[in-house]
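Common to both upcoming complexes is subunit A, partnered first by subunit B, then by subunit C.
Up next, the complex of A and B:
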């Protein structure tokens, strides 16, 4: 009788993803230390200074510069090792789960075979064959467990050795000379210009220690450079965010009153955290946690309005990638709202079952900054014109090029979604004067895709348009006066117009409702969001099409004025500011 | 005895600088403290070693933050307590200033205005203390 082999017991795996918190904490602290080192060096005695040696030796900032250099060296050493260890252990933990499942199956097999061996039934003709097959699987499993154990031990030994080299101040002083030469690396990066493909190749050729040193010393450069892989950007930006927020929180704890600018930074940081938290405890259709990446974090950009981008799902590996581009009045303090829209787009698209989806909330340009009012929006059109959309288009092109440069495998199905003035930015990037080339383009609540793009065929990508009938911003598109190009919902433009909900009726004396209508395209369970999700999932052919607008928008405004009656029209007209009154008067003969 | 005159605006700038560094270091300390609460997740062998590593750097960052705050506080205290110094005090004070601000402590030659900016800072004592 052939003996039934028993699988070896599974070793424990006490590593958990919580270990990553150690890495992010050390990285955030290292970022602070690096900042302090920069300040101390800037105020230290210059190297080779001629003077009293004793005076230099006792100079506190010179001395402190040396101390923080040692601390920074120790943290970069530990950080590099811990990050590599966590990467390796994430893989090995996955293998461990596979082995655990295998062990469970083999235990069941043992029970079943023993039962057959002990059976009083007539001879079991296939039993020996089945036992040999089982034993072969056990042998493979045992080997895999042994290999796994060796791999874990090797990973542990590496990180333990590295931490051991950096866990005393004296040892750290000896590490200072081995820290990567950050200024030289930054010079190399600078010489690559803005070519995300060249930057990606350069980055991948760096050592792990060089990457960590760069992320710690210059997180705002590394985190915001297109072409650097998303995980590294996220590491750098989160370290920057955490260091900044903790410093501001510390000031508050110390009883200081934050200045207006500092309070703005604080509010921005909170909004970014709220945006990232959209993915907290959320899972995709496969039951895996939805990752959130901070792809862009520059709170000082756009005169302090700030830039930011949050991705839900991994755009380097997803089958479908979408980018949400916001419009009027968007600032980093409001990125949580934009992130919510991107999160919902991802979820809606994923339900189509066409593959994995990553959706990005991208606030990477200086959107016209106006308050949420009709005065703000219309003033915005008059003041900003297409200038800010043009500048934004260049940033968007670079960002999307960066997504392609860091892509692992084939290009994804790519959709760019522009809302309001953001649709003009998208149009300028994908149109005649731009270089953006994507599969699909969605323009919602659009006042125009740019003067130079009067037809959907001027844009690279299939063009889908969502314009609520009573969205007054989408009624601004025209071929003349203050507008941002042809109305994309018009028959002449030629895009595919899809169904959207209209949560209210336009009224000259109810601008709150008017603005609600303009900002409802990503409402959960709305027709608009469902159609956007179809496009993102590469099911654009299935959108609920509706007819194009036939009459000029000036006719619509005249009809609305007539419907409201003069009293309401006059009341609405009086509610707006002088500049806007002039605009209405010139545009539609009102007032 | 040589008498020195102090440029208070430079001292205040240095005080702010040290104070900012102290705040940053305390913020960094907080993140390291958070990190040290998660070392168990690194596993049975690595967790304790990471704990030792973090303990060293928590201590060092605390020490750096305390030293920076002490220097800021010391400068503040100094600013309001004295404007004339003896040789040793001048040397001590120079040690806490940025290297480029060493000239803030100068030998007194005739009448020198210790408040060269529009903002004169704290009023000097009516009877300057001469240590």
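Up next, the complex of A and C:
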């Protein structure tokens, strides 16, 4: 009788994603050192200078700058090695999981075969053949485990050797000359313009050291350039974010009072981290941790409102990719809320079991907002016009082109979701004047998809619309010449309208409820979120359809005003600032 | 008629702007629970204990293997439009079931949570006719309402993966409570 071979025990795999965190921390440190070196070089004097104390001081700075260069060179060398090590270990970790599964299957096979061997039943004709087949699998598995162990040792030896080349001051000084020429590389990038496909090709042709040097020295450029792969953008943006927050936190710890702008930067950074944290301790359908990527981080954009984008799941490999585009009132200090919505969209879509999903919270345009300052009012009035949506549409097109440029394999099923004014931005990107081309478009709480797009057929992609009956923003759409376009929920527009919940009744003097209705489309366990998830999972044909609006929105306004009475209606008007009233008087000829 | 429609639309937009003014009447969620630093601290501690119970009881009942957990709290804005002090606080954990199917895992989680004295409800049905969610509500000793939710994913390798979250209702945090969430 053939003996049943037992598979060897699995070796431990202690490598975790914490390895990446270490690299991320080192990169943030290197970014600060690179900034320091840049400042020192900018203020340094030519070598060999003698004379006045100030000049001598500058000379000293030149020398120090050289030492900082050595530190930066050592860190770039180390980072390049560590990054390569993490990439390799990610692959090996994946192999380890496969081997673990194989081990589990072989253990079950051993139990089953032993049971058959010990059975008192009549002769088992196929047992010997099955044992030989099993033993063959065990042999393959044992060889794979041995190879895996050797590969891990080799990866560790490589990183140790690389780090050993930069662990003394002398060695670090010797590395300065070998650091990639960052200004030349940036010039090359600049000459490529905004073509994400050309940028992606250029980036992939760079050496690992060149990429690392660019991420460390200019994280805000590398992190925010469409066409650069998502992991590299994330590396650069996290380094930028961490360096900035550490600096501001240190100022606070030192008892300094942050200026208003600095406090804004601090709050933005907290919000970005909170957004990224949404994926913490959450798992995908493979049982793997859901990755979060910081795809965009520019806290100075839009007059300090800031741009940011966070992806949950990998849009370069996922079967389904969605992008959430927010509306008025959104700025980087609130990206954690938007990230929460995107995360819930991803989760809801994944529950359909149609494949892997990546969802992105994209805050990459200057959304109209409101505050009590003059600039804020002027900015806020943008909600009644389309110019911010037009500018945002161009950014959105570039961002989505960047997603396509960095794809590994076939194009995904792609959905873009616009909420509120964000739906106008989406409409302008996917409509007659734009270039966005996606599979599905979702417009929720939409005041219109742009006046040049009166029909769903004007947009590239299947159009789905969620509009709560009492959502006053979704009632702003009209065919008039001062609107943001036709109401997407109307029969004339022709999109597929799906069911949403309406958590309350509109009232002219209850704006908390009115806003609650307008911001409820991504609430957990809501009909709206379930339907959005269906579209993202490419099950758009299954959404719970409801009838289109038939009557013009002016009729709805009139009915609501009649219900509430003039006193409540007038209250909204009386409370606003005179400057805003004047603007509307001029624009609409009122008063 | 067009002018009347425009006039009403203008009033609506103006009123909306009042609701969103940072310096005046700012937008606020319709429902939120005011929480100070001490209550937030106790709530955090409680939901960390609770996630341990929720994951352990469900995983044991379903024959699951726990997935790594950081045991850390996360928080997010109740909506991007509201000020930062309006936040949810949440904690997550998960496990994988090597030998199970989604329907039986859902049932075992429900039973396990019933045994904890909770009142779980089964639902979801993202895939028609197939429940994939177990949910229960509870109040922390601070009075903060909590939602405990398990979502059972049909794992790609035939091994269901369960994500469990415990989330507060929308909280209005005092400044010191908000500062305590900073990293």
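The criterion applied here is as follows: the second predicted complex is superposed on the first by the 468 of 591 C-alpha atoms of A that agree within 3 Å, B and C clash if a C-alpha of one lies under 4 Å from a C-alpha of the other, contacts with A are read in each partner's own complex, and residues count from 1 in each chain.
Everything below uses one rule, namely that a residue touches a chain if its C-beta (ideal position, glycine included) is under 8 Å from a C-beta of that chain, and two chains touch if they have at least 3 such contacts.
What you see is a predicted model, and the numbers here were worked out from it, not measured in a lab.
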item	value
Contacts of A:281 with subunit B and subunit C, given as first, second, both or neither	second
Touched partner set for A:271, first subunit B, second subunit C, both or neither	second
Which partner, subunit B or subunit C, touches more subunit A residues	C
First, second, both or neither for A:314, with subunit B first and subunit C second	neither
Which of subunit B and subunit C A:336 touches, first, second, both or neither	second
Subunit B versus subunit C as contact partner of A:502, first or second or both or neither	neither
Contacts of A:231 with subunit B and subunit C, given as first, second, both or neither	neither
Which of subunit B and subunit C A:557 touches, first, second, both or neither	second
Contact residues of subunit A, present in both the subunit B and the subunit C interface	16
Sites on subunit A touched by subunit B in the complex	12-26, 28-29, 31-33, 35-36, 39-40, 42-46, 49, 55, 58-62, 64, 67-68, 71, 74-75, 78, 82, 85-86, 89, 156, 159-160, 163-164, 166-169, 242-243, 246-247, 249-251, 254
Residue ranges of subunit C touching subunit A (in the complex, touch as defined)	1-25, 27-30, 67-70, 72, 74-82, 84, 88, 91-94, 96, 98, 124, 126-128, 132, 135, 149, 151, 153-157, 159, 161, 163, 181-183
Parts of subunit B lying in touch with subunit A, wherever the complex brings them together	17, 20-21, 23-32, 34-47, 49-50, 52-54, 56-57, 60-61, 64, 67-68, 71, 91, 94-96, 98-101
In the complex, subunit A residues that touch subunit C	16, 101, 104, 245, 267, 270-271, 273-275, 277-278, 280-287, 289, 326, 328-330, 333-341, 347-348, 350-353, 369-373, 376, 380, 383-384, 472-473, 475-476, 478, 480, 482-483, 504, 508, 511-516, 519, 524-525, 530, 533, 542, 552-554, 557-558, 561, 569, 571-573, 575-576, 580-581, 584, 588-590
